[in-house]
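In what follows, chain A forms one complex with chain B and a second complex with chain C.
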Partner chain A sequence: MTPPASQTDNPVSIHVSELRKSYGAVEAVRGINFEVRQGEIFGLIGPDGAGKTTTFQILAGVMEATSGTATIYNRAARAARQQTGYLTQTFSLYPDLTVAENIRYVGDLRLIPHAEIDERGSRYLKMFDIDRFTDRLAGRLSGGMKQKLALACALVAQPQVLLLDEPTTGVDPVSRREFWDTLAHLALDGLTILVATPYLDEAERCHRVALMYEGTIHQTGTPSELRRSLGAKRLEVHTSALGEAEDALSGHHEGILDVQRFGDRLDVMVPEPVAGQQQVELLLGAAGIPIDNIRVDEPALENTFVAKLRAIGRVVKSPKYPGQHPHRDLMGQVAIGASSLTRHFGAFTAVRDVSVDVKYGEIYGLLGANGAGKTTTIKMLCGLIEPSTGRMELAGERGSLRSRTVRQKLGYMSQKFSLYDDLTVGENLNFFGGVYGLSREEIETKKHWVLEFAGLEGKEAALTASLPGGWKQRVAFGAAIMHEPSVLFLDEPTSGVDPLARRAFWRMINQLADMGTAILVTTHYLEEAEQCNRLGFMVAGSIVAEGTPGGVKRAQTGHLIETVASEPQRAADLLRTEGERWRISLFGDRIHNVTDGDAETSMRETRATLAAAGIAVLEAREIPWSLEDVFISVVEKAKREERLAA
Partner chain B sequence: MAALIAKEFAQIGRDKRLRISLIVPPVLQLLLFGFALNATVDNLRLGIVDFDRSPESRDLIAAMTQSGAFKSAGAYASAEKLGEDISRGKVDAGIVLPVGLSRDLHRGQQADVQVLLNAMNANTAAIAQGYTEGVLGTWNQVKLKSGELHARFSQIGSAPRNLRGIAALHPAFLFNPGLVSSWFVVTGTFGLLLTLNGSLVASAAMVKEREAGTVEQLLMTPAGTGEIIVAKIAPLFLLLCGMVLFATALIKVVFQIPFRGNLLIVFLGAALCVLCGIAIGTFLATFTRTARQAQLMSFFVNPPLSSLSGALTPVEAMPHWMQPLTLVNPIRHFGVITRAALLKGSGLDILWPNILALAGITLVLLVLSVWRFRKQLG
Partner chain C sequence: MRRILAQARKELIQIRRDKLALTLALLLPVGLLLLLGTSISLSVTELPIVVQDLDNSSASRSLLDAFRQSITFHVVPWPVTKPPMAAFTANQARAALVIEHGFGRELARGGAGQVQILIDASDSNTAKLIQGYSTQIVAAWNRTAGGAQRLLPVKSHIRLWYNPGRVTKKFYGPGIFVLGLSMFPPLLAALAMSREGEQQTLLQVYVSSIPAHQFLLGKILAFMAIAAAEWSIMMTLLFTFFDLSFAGDPTPFLVASVLYAFCVSSYGTMLGAAIPSQAAAIQAVALGGFLLVFLLSGLIFPVENIPGGLRWLSNFVWGRYYMEIVRDALLEGGGWPAMWFNVVVIGIIGSVFFLLAWRKMRRMQLSI
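Right, the complex of A and B next:
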């Protein structure tokens, strides 16, 4: 999106010039330049180890640069610390203090008068919709609420610049969207926001983004500029034989830049849509693969990012998995069969009447907000905890799910980190290979493969604790599938993994599914959920919607309207007062509105409402549902129904 | 199973703190307790008032200062002067030998010797008194044999706040004057060390898996809970047994404790004690989520365990109702076994009740902790 016209005249808030930082021989930041203007949301996007956190620490004044300048409103970053609010990945809240006490404490540290702390505190808590919880201990808040509280704490000091270093890692989609709505609001009030995120759907909500890799900024621009710079279109190819189609289109074919496989389609990047479509039809036709439908769309930011990283030489390998015992003969049979699972913890019902069927060769995505019961469900499905009522079938076993033979067939990668930090990478792999009873040679083959997949060839002796998160995650994934499980559980496998590595992950997951492995995966990232064959949406312990990514989108009864208005924030605030809060979300200057009624009527009504307040509607159109919009709509509707029932 | 054990060893190998805690505490505790908790008081400054100035009085003074417990702090002209210096803290104790000491002794009459003690530190005073009694007793014996002399000993103890009073003392006959053995403390510390250090190391190791969040991953592997537990306990047990050997060597070399009995009995007891420690640690770990919590828990458990062990203070010094409690304390039984086997040379024929009790306690603790651990895993 383009920044509002007024913004380009705003004073420069953050100025970074030829900034360098070395840690001994390692150069983390290698001479970067950028400027952020007042009221702008500026995104720093890049893989792990790109130098984002170092940049943040220098700007926050907690670290000195080796050379170059970093100023905030023309003052050295260190001298301007009173004007900056800095939020790290781990929110520095006091879990034993209440929400109000946390805010009071931060204000006291900055010597702000009590009356003022209370006034600002209650204003922000209200703005973030957590004012009901002022007396709750911070440790008892959900991830999303903690993050909002941390933001409120940072804002109490009334900073002019907000530095957010991957603030939404591990936060569910509903909370993430609310968080970004808040950021948009704050930016319009004149706050300058610099934010790092590994998630490109979030980057779309920045005014401008800079792509950072190995300490250097490679590209800067608005998201649409970046998308256009790719000079390509995205073809959504729907076909029933995804794997074969992917193989047929991959490789170096003229006119095809990139192929990415999703749960029920392929995304093919082509320089020119018409010729590209013909090329795809030709290639698939030659391979005898039927095409259901091809749709032309704009590239996503992710495509640009991947193309850019590839252009500068970053490769993430997804070497062929050296599996010897494919489960193809099981293909189509039920691997995970759960009927009416319910689980109580005391008086609390964590999971209610959940039925899931996952077949061999299928990738099933379980989605839900924090606290929706996903983790409990996955633990029941893999036999770690027993359901209170309901029946389970797992890998052909109905009786004892905890038997050795069943567990030998299961692979599990837990949400919490599942490798031993105090062992080397090699020792970890030896251990997991050994504990599943693999032979020496088999362990060596698989180890070789995992190291290649993780990009850690020759680094077998590295201590696991010393690896950055993204690498660890890939080793953990490798360790979980060394024994060629026929049923694989992945609990947020790609949390904190950069886009290129995430692609490698999903290519692997697809490979395994093609071999006949049944895969159940949970994620907070809906762009990723598109890669599943089927999805289940969980709300308050129940599955409320299920189907293919395309299917759940089609099943939406309402419409999604995008409106571009002259005063987006005021327009959004106004529309929110009209209807339910969740229906309106602000993406920079564009407002997304979910309506249950007729699209035309809704657009007319919106125009009228805004016109009455003196806001001009520049553009309004119906747009296709994104999975995130579907998710939020489904979750909110289910919550409403539950409230009505109660 | 092999993979599990190999993994535990690799983890232990990389755990610097664990390795340190297998070497430093034994050295530190044995040396510190052995030397510092020693009840022996050496080189007390003794002021002397000799009114008698006879060969007998000089002989008695020599006997006093040669014991090593006292050293001469000079002669005084009067008992008052001596008293002043005691209250000023210049000397720790004083002895007054009256005129006619030798005369009375030669007449076969009872001779009185006055001893002044600074009882600011009641313990030191009591010990000094004991020494004096012992020295006098020995001296009497020698004299009695050779020349029918008999001295009686009386004392002026200055009570706290320097109130001086005279307390009549009953003559006591102490064997081994001037020597309180560090052997008692060191043999007791040995047991404390094995059990307490074992429990600390074990609780840290047990809680680690849960703290790191790897326990779920482990539970999803085909490894059984029994295997997991054995794989956790076995390497720790072996390591702690290494510590037993190390500590034994230390005891022998530094404190020169005589190894009169069968060392195997001591090692058997030590192995059981180590297992007890591991069981206690494992048990505690099941109630906690982090290593820090586990350590805090052991702060509650360790003091009663050590004070009710008879390791540092005699069980007989405890109130009667409390004494039976020590019977369920593994450290007590181990203390009895080590002391008897090392110092007295007792064998299985005498020590079997203690070994049996220790084995019983170990078994109960192990079963309890494994049951808790399993329950938690499942």
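Right, the complex of A and C next:
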């Protein structure tokens, strides 16, 4: 979105020029430049290892730059610490102090008078809706609440600049949306916000963003400028034969820039929509692949980032998996069959009557907010804990899910990679191969493949600890599937990797699925959810919605209305007072409104409400649902029904 | 000052929250003091000694009775047919007494009777004690039963001072008290400090622009409070169970205690600042707090016993100076004239630790 006109005249609050930082031989930041004006939300977008955290640490005054300058209101970052609020990735809270004690301590360190600490503390806790938990230990808060507390701690000192380093990591979509709404408010009050994130959907909510990769900023602009700069359109191609269609369109065909496979569609980038659509129809027709429908849309920020990475010559390979695929013939049969699983912990029911069927060859995504019961469900599905009631079938076994034969057929990759940091890459792979009883030759073949996939050919003697996150993640994935599991469990497999690596990951996962592997993914990143063939949404221990990504979007009874208004923030606040809070969210200058009634009526009502307050509606239209909107809508409706039932 | 107090308060809240650590911090010193203070004893009693009486005369039996009556030895009969060394290898005895055939007859003739004492010297210290005690027993027997009354040119009268009953726990109790204070407060301090690095909460502190010395003093103050609590508990034990009391002017001891609490808390904080990993910090504290103080401070072995090549090291061991002060206060009562130097040295070593910690932290930013 475009920054409000007034912002371009605002004073510069953060100025970074030719900033460099080296750790020994490694250059983490390689001469970056940017400026952020007062009241702006500026996003530093890039994968793990891009140099975002280093930049933040320099701006927060806790690390020295090797060269270059970083100033905050014309003072060196270190001297300006009293004006800076810094949220680290881990939130830097004391888990053994209560919410109030954490705030008090930070206030004391910054010499804020006690009366003001108390006043501001309770104001922000109230604003963030966590004032009920003042006496709870910070370590016992959920991810979303920790994030809010950390923000409250940073705001107690009334900073002029807020530095947020990946503030939404580990935070579920509902809390994430609330958090961004809060940021929009704070920015309107004149706070300058610099935020780092690896998630491109979050970038849409910044006024301006900079794409950062390997210590360099490659492009800066508003999200729409960045999208436009690509000079392309995105075709959403729906077909039943995704794998074949992807093969048919890939390779170098004229008029097709890029093809990406999702859970139930292909995204095809074309320079010109009409000619592009014809070309797609022609190519698929020639291969005898039926097309369900094609929809033209704007490119996503991710497409821009991918094009940028390709332009600088980054290549991520997804070599063919060298396996026997013993489960190929099982395709279509049930691999994970859960019927009416319920699990109690004492008086608490963590999971209630959950039924899931995942077939061989299918990618199933389990989505849910924190505390929705995802972890417990997964543990039951892979046989780690027994359900209190209900039946489980796993890889053809019903009784002993922990037997050797069943375990040999399972693969698991957790979000905190299960590699040994103090072993080399080769030793790790040898170890995992050995644990699963592979023969020497098999280990060698698989090792060769993992190294190629991770882009680490010839570097198997590198210590695992020394690898950047994205590389380690690919090695961990490789290690988890060395023994050719028939059923694969993945926990947020691609969080924090760059878009190209994420594609390689999903190409690999799709390849395994095409060969018959059953894959269950848990995540609360909706970018990952789009990649699944089927999704299940969990709320409060139950699955409340299930279907293909397109299916769950279509199944929404309501409509999603996008409104562009002259005073977006005031308009959003006003609309919120009219109905339920969650229905309104602000994406830069665009307001998203979820309505259960008729779209036209809703638009008319919105116009009337805003007009009464003197706010002009510049544009209003119905837009397709995003998975995030679906998620929030599903969660909120389920909560409401539960309240009604109670 | 406000920041220092805020820092100290935060540390104390954190310790209070960690119920296990708090319990251990207060109970372990008591356990250590009771266990080590009473179990360390270098005197020997009831040492098994095997006896082969080849003479079996009234004189030989009288000599055996002398051994039997001693509290040092416990006489174990041993068949004449088995070599006495077998008793050593079978771990049944530490020494053997062999009375030669004809011992009684020789004495009756006014000659010198022959007895042989074999000692298992693999434990050299015990061997030395056995040697001493057995020589004493034989000499005493000579004077009375042996009847060989000769004029002794020098007769010494020995009086034991400060600990007349030679009660070992009165000597080791204060030593273990020092060991406890050298181990637990720095352990907690090092853990708290390295945890800030490990959990990255340190970044928040850096951003707040609190100066390094205030941050460190706040932390050290909190752990001095912990040390004070442990000090009080252990002193109560020393006064009651160990039956000790102040021998003279306690002021040098009290001043030194405050300085020592500062010294060990600074030591822990310094290690925690230098080692941002809790597991490694524990080992470093254990090495300095336990090993150095246990071995090089005169806790068990006099400093003079340490081989010359290593003895100089003990000059840097903070526990050594405090140990001397504590023993002086509770046993000898030498007061300021005897102890002023030790008090000063503790203050200096503590300041060095503090300065090293400050040097590490002074920039209050990430070091790389």
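What we mean here is this: the second predicted complex is superposed on the first by the 643 of 646 C-alpha atoms of A that agree within 3 Å, B and C clash if a C-alpha of one lies under 4 Å from a C-alpha of the other, contacts with A are read in each partner's own complex, and residues count from 1 in each chain.
Assume a contact is a pair of C-beta atoms (placed from the backbone, for glycine too) under 8 Å apart; a residue touches a chain by one contact, two chains touch by 3 or more.
Predicted, not measured: the structure shown is a model, and the values here were computed from it.
With chain A as the common reference, chain B cannot sit beside chain C without a clash.
Once chain A of one complex is fitted onto chain A of the other, the partner contacts of A:Leu137 are limited to chain C, with no touch recorded for chain B. Contacts of A:Ser418 after superposition on the shared chain: chain B is touched, whereas chain C is not.
Legend: residue contacts after superposition of the two complexes on their common chain; A:Trp471 is shown touching neither chain B nor chain C. In the superposed model, A:Arg407 lies in contact with chain B only, and not with chain C.
Legend: residue contacts after superposition of the two complexes on their common chain; A:Tyr105 is shown touching chain C, with no touch to chain B.
By the touch criterion defined above, A:Phe631 lies against neither chain B nor chain C after alignment on the C-alpha atoms of chain A. By the touch criterion stated above, A:Val435 is placed in contact with chain B alone, chain C being left untouched. In the superposition on chain A, A:Tyr86 contacts chain C only, with no contact to chain B. Comparing the listed stretches 19-27, 145-153, 217-225 or 307-315 of chain C against chain B after superposition, the clashing one is 145-153.
Every residue of chain B that touches chain A in the complex is listed here, in rising order: 2-4, 6-7, 10-11, 14-15, 212-214, 216-224.
Residue ranges on chain C touching chain A, taken from their complex, read 2-3, 6-7, 10, 13-14, 17-18, 199-210, 364-366, 368. Residues 382, 384, 404-405, 407-408, 410, 412-414, 416-423, 427, 430-437, 463, 480 of chain A are the ones touching chain B in the complex.
For chain A in complex with chain C, the touching residues are 23, 57, 60-64, 78, 81-82, 84-86, 88-90, 92-97, 101, 104-106, 108-111, 137, 153, 157.
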